[in-house]
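In what comes next, subunit A is part of two complexes: it sits with subunit B in the first one and with subunit C in the second one.
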Partner chain A sequence: MSNHNEHAEEHKHTIGYGTYTIIWFALLALTAVTVAVAGINLGEYTLFVAMVVAAIKAMIVINVFMHIKFDDLIVKWLLGFCGFIFAVMFLFLAFDVLLRY
Partner chain B sequence: MSAEVNNTVSFYKTEKGIGSWLYTTDHKRIAIMYLAAIILFFLVGMTLGLLMRLEVAFSGKTIFDAQTYNSVFTLHGVIMVFLVIIPGIPAVFGNFFLPIQIGADDVSFPRINMLSFYLYVLGGLIAIYSIVIGMLNGGVGIIDTGWTFYVPYSLTTTTSVDLPLFAAFLLGFSSILTGMNFVSTIHRMRAPGMDMFKMPLFCWGLYSTAWIQVLATPIIGITIVLVLLERFIHIGIFDPNLGGDPVLFQHMFWIYSHPAVYIMVIPAMGLVSDILATFARRQIFGYKIMAISSMAIALVGYFVYAHHMFTSGMNDTAKVIFSFFTFMVAVPTGVKIFNWVATMYKGSMDMKSPLLFVFAFIFIFSIGGLTGLFLGALQTDIHLHDTYFVVAHFHYVMFGGGIFIFFAGLHYWFPKMFGKMYNEGVAKLVVLLLFVGFNTLYFPMFIMGYNGMPRRYYESLPEYLPLHKLSTLGALILVSGVLIMVTNLIYALYKGKKAEDNPWNSLTLEWTHTQTPPTIYNFNEAPSVTAGPYDYPDFSEEGGH
Partner chain C sequence: MSNSIDLHEHSAHSHGGAHHHRDDLGAKIGMWLFLFTEVILFGGLFLLYFSYRVKYSHDFHLAAKELNVVVGTLNTGILLTSSLTMALSILALTKRQKTLSLVFLGATIACAFGFLYNKYFEWGAKIHHGIYPGSEKLAEREHGEVVFFGLYYSMTGLHTFHVIVGIIFLTFFGIQIIRDKIRFDYYSKLENVGLYWHLVDLIWIFLFPLFYLLH
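And now, the complex of A and B:
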């Protein structure tokens, strides 16, 4: 944060249509996985598996479609911070909801 | 804006006419419009508060009936929280002075700034509209849920709940956009030499706040949407009759609304540092730790929210964790108060009205913070929850913290914003009236609450009436102080003496590098910053021991 050229390095990276198409199919495949897993009785792990698949999809979208993979380090940190706060909120809610009864 | 715009005259004179205001993307004009709107809403909220005080000072019906009383305290809360204190300092002084203090010509996204203002206006208008249709033709009645919109009552009441909720949703978006703009502005628009640790502490306050606005506000947005969905199509997320969890609503509400208290107070704390340094002619004691403590309060402030829910049937483990973090957040706050006092030590004090407001703030906010610990402790909270003690506590924090410093900022920056000086003697009288009125109004509530007077009650037992009357007397003193203040400032706008560029001899950029009032692009050329914002000559070494 100490210099003012944080955004001097513009987004030079371009992603080809081929990559976008692969990513699209990957997202569709993961959606199919979510639907398929929903049909299997995994007991208490159902939510966990669904969340892991969703997290992988989110990572792909954030990194490729949102170009964060090619962005400045500070943007990655800021995004990571948002993710951290989000995770803490889930954790704190879980303290109450999972342990209440 | 074209390149031919005249950057030598004040921004008021660059363009004329109503269109120049309505379509403006200039951060200063947007700030002035926010100021007008916020003062207007404050006066409405204050009038509702005064009516409530008059009602409860006497037994039986004095002004309105019990149902109307419920609506009045709801409106007072909604207006003061969502339309006045949350936008208050960031939207007015942040918009006006953040770009100038970091040496920029505007915020990062001027058009989004304008959108933010119009969302605020739309939210305010919808809130007012909901009141009107609530009252008209024997209508459904004005919202009576309290400003917290707690379920399940907010799901079942027949009063006009949907529109105020939607208004709060829009106001949330306004706040998110402002926060996003400020984060981006601070990271991308600083002038050459303006390192993060050369920024005035007001900017650090705004920066910390902006993160809360961006991260916490969406949660109230989705919560409101869920309540509306529950009301319209009964999805069963909060309604216990449908298998929903009402305590989940409280979680989601306070995940936003507790950090919102820091949205109100952290920028105020930054402004306190600026004012203290200016009028004590001193470098801020522990500048870096002050900047970091703003961020620390913002961060830890996320982890304390459920202290509002100790009596809601929450799990005991969760209660202990939240109580622990609540005590933790007092540490960076304590650091700030210690450093303010240490800054004044051996300072060359200039007792102008903004500084007097700051003195009042430090006194009042310390009481507000300390009583917060009573409520953050699991045992005492059982006794004090939902009593007047809580009402007193949050007014000491939100009014004593947010609004007092809003007034301090108004007096500190009035010369720069409007190019006129107000009557200093009257301003000092105003501080006195506000301070005496405030404490007479709210301190008795601590005693009443401790003795068991519940909040939001229309009637009270006879033993509480003397303190209610004393409290109402305080309200009258406070209101008279506010009215004198508004008169003094409006008079100054028209008849006040012309202000110099730097009447307080301050060292931050808005005073040293801009005209009064500033020009459209603030600076003729981007300032090159070499010194810190508070590098006042050190008197303490010369003064001897």
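And now, the complex of A and C:
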């Protein structure tokens, strides 16, 4: 009985063919946006804008394709922990590098 | 039809339950832990890229002009498409559409080969122009440009290595689907290789603007 419930729950969380295709279109559109924006000279903001668009694409891939949205809390926490470690590494390096040059 | 599937499922459950210990969540957590080591591996290289980009900002812009934006964009599209077909392959399998699942998996592998094909010509052209690590022609250039191409070859090279490993695993699991070792009620292996494949896509999402779109 509990097995059946689990199955029902799984089906509720399944993303359909249509949603995946829409997400794919969105990712391609965002790629077109970055390529187009790269043609405009934004000076020192170029890197920032490119990284923001890349981060949006990454969030979409992680949430939809990698199903993190529907995953157990422990997986979300692990992902958050990994992101935190990387952020700390980046932050301390950025302090050093940006103040040096 | 549905009766035979039910019977099959039932026997698989009782059979599998008696002899094999299955822990899909454990497998998934293990996969994510592996992916985090990958993030830190590539993350270290991204940090290296960041510090050198700040130091040699001008040289990086100069060197990046030589990369082919069209090929880079094309490869981005190819990898995004392969991510889509990977997700659809898993979805099809859970819906008991085995053939469709295999078709999507085949499309994913085809996309991966397409990516490698473009990379082969891209690198080939660069090497033909004398731009490769340790070349004399490259050594005559500004130090920042040498660093840029060093990072370009090591980071996209490590990424391409991941694509090749992905092809091997996708093919291996495709065979397991054909042999019903991976099925609609037992697909955590396919799900986990999918996670790996999406990570390969994720890394490229960041590599692409950092190397190709510096104008």
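The definition used in the following text is that the second predicted complex is superposed on the first by the 89 of 101 C-alpha atoms of A that agree within 3 Å, B and C clash if a C-alpha of one lies under 4 Å from a C-alpha of the other, contacts with A are read in each partner's own complex, and residues count from 1 in each chain.
One rule holds for everything that comes next: contacts are C-beta pairs under 8 Å (C-beta built on N, C-alpha and C of every residue); 3 or more make two chains touch, one makes a residue touch a chain.
None of the values given here were measured: they were computed from a predicted structure.
Peer 1: Between subunit C and subunit B, which one touches more residues of subunit A when both complexes sit on the common chain A?
Peer 2: Subunit A has more residues touched by C than by the other partner.
Peer 1: Report for A:K57: first if it touches subunit B alone, second if subunit C alone, otherwise both or neither.
Peer 2: In the superposition, A:K57 contacts subunit C only.
Peer 1: For A:L28, using the defined touch cut-off, is the partner it touches subunit B, subunit C, both, or neither? Pick first, second, both or neither.
Peer 2: A:L28: touches subunit C, not subunit B.
Peer 1: According to the stated criteria, A:A87 is in contact with first (subunit B), second (subunit C), both, or neither; which is it?
Peer 2: neither
Peer 1: Is A:I74 touching anything from subunit B or subunit C once the two structures are fitted on A? First, second, both or neither.
Peer 2: both
Peer 1: Pick one for A:Y17: touches subunit B only (first), subunit C only (second), both, or neither.
Peer 2: Touch partner of A:Y17: subunit C, not subunit B.
Peer 1: Touch check for A:V97: first (subunit B), second (subunit C), both, or neither?
Peer 2: So A:V97 meets both subunit B and subunit C here.
Peer 1: Of the residues on subunit A, which ones does subunit B touch that subunit C also touches?
Peer 2: 74, 78, 82, 85, 89, 93, 97
Peer 1: Per the contact definition, I'd like the list of subunit A residues that touch subunit C in the complex.
Peer 2: That would be residues 3, 10, 14-17, 20-21, 23-24, 27-28, 31, 34-35, 38-39, 41, 46-47, 50-51, 53-54, 57-58, 61-62, 64-66, 71-72, 74-75, 78-79, 82, 85-86, 89-90, 93-94, 97-98, 101 of subunit A.
Peer 1: Considering the complex alone, what residue numbers of subunit A touch subunit B?
Peer 2: Spelled out, the residues of subunit A in touch with subunit B are 1-2, 4, 6-7, 74, 78, 82, 85, 88-89, 92-93, 95-97, 99-100.
Peer 1: Quick check on the complex: what are the subunit B residues that touch subunit A?
Peer 2: Residues of subunit B touching subunit A: 183, 187-188, 190, 192, 195-196, 214-215, 219, 245, 247-248, 251, 255, 302-303, 306, 313-315, 317-318, 321-322.
Peer 1: Which residues of subunit C touch subunit A in the complex?
Peer 2: Subunit C residues touching subunit A: 13, 25, 28-29, 32-33, 36, 39-40, 43, 47, 50-51, 53-55, 69, 73, 76-77, 80-81, 83-84, 86-88, 91, 94, 194-195, 198-199, 201-202, 205-206, 208-210, 213-215.
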